[in-house]
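Next up: some structures, all given as structure tokens.
After this come two complexes, each holding chain A, first together with chain B and then together with chain C.
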Partner chain A sequence: MVAGASIPFLVGFNQYYILLALQSVIVASIALAWNIIGGYAGQLDLASFAYIGLGGILATMLMMEYNITPWAGMFLGAGISAALAFVIGYPLFRFGIRGVWYALSTAALVVILHEVSIMVLGPFDYYIPLLEGWYYLRFRTWENLYYFSLIVLAFVISLNLYISRSKVGYYLKAIREDEVAAEAVGIDIRKYKLLALMTYASILGFVGYIYIVSQRTFSYNTFSGPQSVYIAIIGIVGGLGSVSGVFTAAIILKIVEEYLRGYLGGALPGLHLLLFGVLLITVGILRPEGLSSLTDTLVKKVKTRIWGGVRE
Partner chain B sequence: MSDAVLLEVINLSKRFGGIIALNNVSMRITKGEILGIIGPNGAGKTTFVNCVTGIYKPDSGRVIFLGEDITGKQPHFIALKGIARTWQKIRPFYNMTVIEAVTAGALLRTKDVLKARKEAAEILEFVGIPRSKFEVLGKNIALIEHKLVDLARAIATKPKLLFLDEVVAGLRPHEVDVIADVVKKVNREMGITLGVIEHVMRFVMNISDRIVVLHEGRLLTQGRPAEVARDPLVVEAYLGTKPV
Partner chain C sequence: MLPSLNLLLQSILDGIFLGFLYSIMALGLSLVFGVMGIINFAHGDFIMLGSYLVWILANSLRSDPSLMSVITVPLFFVIGAAIYTIIIRPVLGKEPLIQIAVTVGVGYVLQNLALMTFRAEPRAVQISYLNFYVDLGLVSVHAAKLVSAFLSFLIVLGVHYLLTKTWVGLAIRATAYDREVASLMGINVGKIFLLVFGLGIALTGLAASLWMTFGQADPYIGSSFGLLTWVIIALGGLGGVSGLLASSIIVGIIQSLTMTLVSPTVSLAIPYVVFIVVLWFRPQGLFGKG
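Take a look at the complex of A and B:
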């Protein structure tokens, strides 16, 4: 947190680096929200940008059309996203859709919202008007939004840690490992999966506005399938259910992606994606259980240094 | 043996397409006993347990547990009522530690994770898993340990009735004796009524108070282990009529 807060000073308020830090923090928040449904509950959800788009576009449109503060819009977006998650999740879990079929169904949700948004709003593509100040949560420079997103990230991390230590966390992990066995020890798997899905969706619905502001524009393409898959990739590369692993993966992948795009994107278009793919395959071969195997050991070592032993 | 009926099954039937897996099976399990459920392959033993524990919905018949009709209810509801089970093919939580897996079971009766962990530790020691194994991941333990952890996970839900589905399948003879001791201890010291589905005769004859025999989906006979072993119908079901 302290390290995160000091970044703007370290880079001398260079706007490019602060924006990169902002985007990394947003990606980390999204990936850690995904960790709740994908990491703990083990449901390969590919619909993250359906909820981000829905919540974010709702908050932004309310601001543009009716001058409603995004503070209200973000909470409304969280509520609407959770409601959508319920409408999608209830039948999926009721009829026992899981594994690849769950992944396909959620991937379809992004495509559906992409098409529906075009039907409702026309082929829209907006640049956010130059509104500034805390009322609009939008500023001339990026520091304030960066600090706000750090608070959001801190909240998502605490939520993850709280879940992993609570009854819900044990139950979600049991569901991830074996749904039938989980049900036989008395776990209402539908209820807990739905709870995980709605928590995840409401966080994304809230973060949507910040994401859109950091991108400066929004369109029907905000409902992005590839971006949703990218979030799941971060969650998997980081290590299912590992907070430190997913956080590290989000920051590293975002920076590496940006670096490769910046230095190679001009030389041969697409080369950065190729290298990015090679990087992912390398992790897959060397660390199939994810970066968590490295970061967890590191966290344990640090704890041992501080407390002289890992405590129960 | 007290005569309080814990579980009463009345005319339970289940078919899969043209195959009748269970055909009008009725039986009672009384409080405190160890009931052995035996029968040749395909007799319907596992189907019976699956119907009672809610994994399958029976086509007809009723399952009454402690006077309450639980026929066709969802598995988690039945677990809450007090029926637990283990699995013929082990179903471990590979990426959770041993203690976490058992804690997940103990959390059925409490919200307090620390309390559940404590209970889980006691149960694990009770079934004979040493403390040094508590923090080991499920994927890194041996078959016998998996069987014991699965058993501990089921016991942690504090059941009144526990079904063990082929708990010694695939184990070596001396390991079978280890499990037999644990199973007897679970029955006597914890007071849990047991339904033991088994193929290994030495094991099931040794521990059961009473045996029921299923054959081709029907209840063939029931009685004390020694009586059942001599019953010509049972010998015929296992070996056939004509001498080879």
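Take a look at the complex of A and C:
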């Protein structure tokens, strides 16, 4: 946190780097929220941007149309995203839909919202008017929003850590490992999956406004299928249920993306995604536990180097 | 305002033609999932890759896209066999999440290769022997769509024949039913898997050349086709080309009617809503047994 908070000072308040840090922190928050449903509960959710779009656009529109502060809008966004998660999740879990069919249903949800929002919002980009100040949580420079996003990230990380150590976390992991066995020992699998889904959705609904402000614009394209898949990829590459792994993967992938974009410019669009594809195949085949297992092995090796080979 | 009868009939007919083409797109995916249990999220991206290949070939050979299947089908069989050996074999029998991750990775690679090479603008083949309409009074038929629907139907029947009437088909069905017993009966399961995956990808090469007789190639069509073919499989249920054909045509008609009656922008939303609701009440598909 201290390291994160000192970034604006380290880069001398260079707006480009602060915006990059802001976007990295947002991606990390989204990926760690995904970790609750995808990592702990093992449900491959591909709908993250359905919730981000719904919550974020609601908060932004309320601000633009009715001058309602996003402080209220973000909570309303969280609420409506959680409601959507309930509407989609309750029947899915009630009818025992899981695995590939769960993934496909959530992928279809994003496409449905994408297409419906073309009809509702129209086929254009909305630019947020130049409203500034804490009332609008929007500023001439990026530092303040960055600090706020750090607080959100800290909250999401602590929530992850809390869940992983709580009863609910053990239930969710049991569901991930073997749903039938989890049900057999008396875990109400529907209830806990729905709880995980709604927690994840409400975080995303809340973060939506910050995401849109950091992008400066929103449109029907905010409901993005590829972006939702990308979040799941970060969660898988980082390692299911591993907070440090997912956090590291989110930050590294974001920096690599930005570096390649800056370095090669528009010459090779999509190169970073191509590399992520290769990374994903490699991780899937060689290290299904994700990158976190790699760092774990490294840490172990270093420890045995230092303390000798007796520990284990 | 009620749409005219002509318009409705035209829309339904176009939907049926589109549905036949979808059945070829979904057939390979259905084989790979049904026989090998592999969840391939890159299936649509192979159709996309094929579409670009057909675009290049048809333009440089100055010939009709559908004829390019002579090249794409064998080539895609080889590509499929190679992908199977390098990438799919290690994740056989792994949990869905891993398979999805790996195949999403393949899809990412293909999609972004296309984006880097061809940019995002859509490409269509200009030359076609079949780009004319036959007027049938109430409706008029686009020759390219009619021919690709007819060819799709023949190929589906051909694959059905292969699966039900030949020794290879028997071996494939035996492997799908119980791979351990099949291997005890002397079937080389590894070879069958290689064959099935190769065939699955070869079918995307075929679908691509039929698609390009009237469609366009862009890097993102793969994502739409990918999800759409999965939806068709979910609706059709596994095991049987009749279910697959029926659900493809239903999806084609729903999509076509949505475009005519509501708006082209929601042409996927309505089939997907149907998909989600069907999944709730009939997880085995509309035409699946059980």
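Everything that follows uses one rule, which is that the second predicted complex is superposed on the first by the 273 of 312 C-alpha atoms of A that agree within 3 Å, B and C clash if a C-alpha of one lies under 4 Å from a C-alpha of the other, contacts with A are read in each partner's own complex, and residues count from 1 in each chain.
Note that contacts are C-beta pairs under 8 Å (C-beta built on N, C-alpha and C of every residue); 3 or more make two chains touch, one makes a residue touch a chain.
Just so it is clear, the structure is predicted and the values come from calculations on it, not from any experiment.
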* For A:A5, select first, second, both or neither according to whether it touches chain B, chain C, the two together, or no partner. => neither
* What is the contact status of A:P91 with respect to chain B (first) and chain C (second): first, second, both, or neither? -> second
* To do: Report for A:L274: first if it touches chain B alone, second if chain C alone, otherwise both or neither.
  => second
* After superposition on the shared chain, which partner residues are touched by A:I151: those of chain B (first), chain C (second), both, or neither? -> neither
* First, second, both or neither for A:A72, with chain B first and chain C second -> neither
* Structure fact -> The intersection of the chain A residues contacting chain B with those contacting chain C is 240
* Could you pull out which chain B residues touch chain A in their complex? => 53, 55, 74-76, 79-80, 84-85, 87, 91-96, 100-101, 103-105, 107-108, 111, 113, 116, 138, 153-154, 156-157
* Asked: Which residues of chain A touch chain C in their complex?
  -> 42, 44, 88, 91-92, 94-97, 99-101, 103-105, 107-109, 111-112, 115-116, 118-119, 123, 225-226, 229, 233, 236, 240, 268-271, 273-274, 276-281, 283-285, 288
* To do: Could you please specify the touching residues of chain C with respect to chain A in the complex?
  => 39, 87, 90-91, 94, 96-102, 104-109, 111-113, 115-116, 119-120, 219, 223, 227, 230-231, 234, 263, 265-269, 272-273, 275-276, 279-281, 283
* Asked: What residues of chain A sit close enough to touch chain B in their complex?
  -> 165-167, 170-171, 173-174, 176-178, 180-189, 240-241
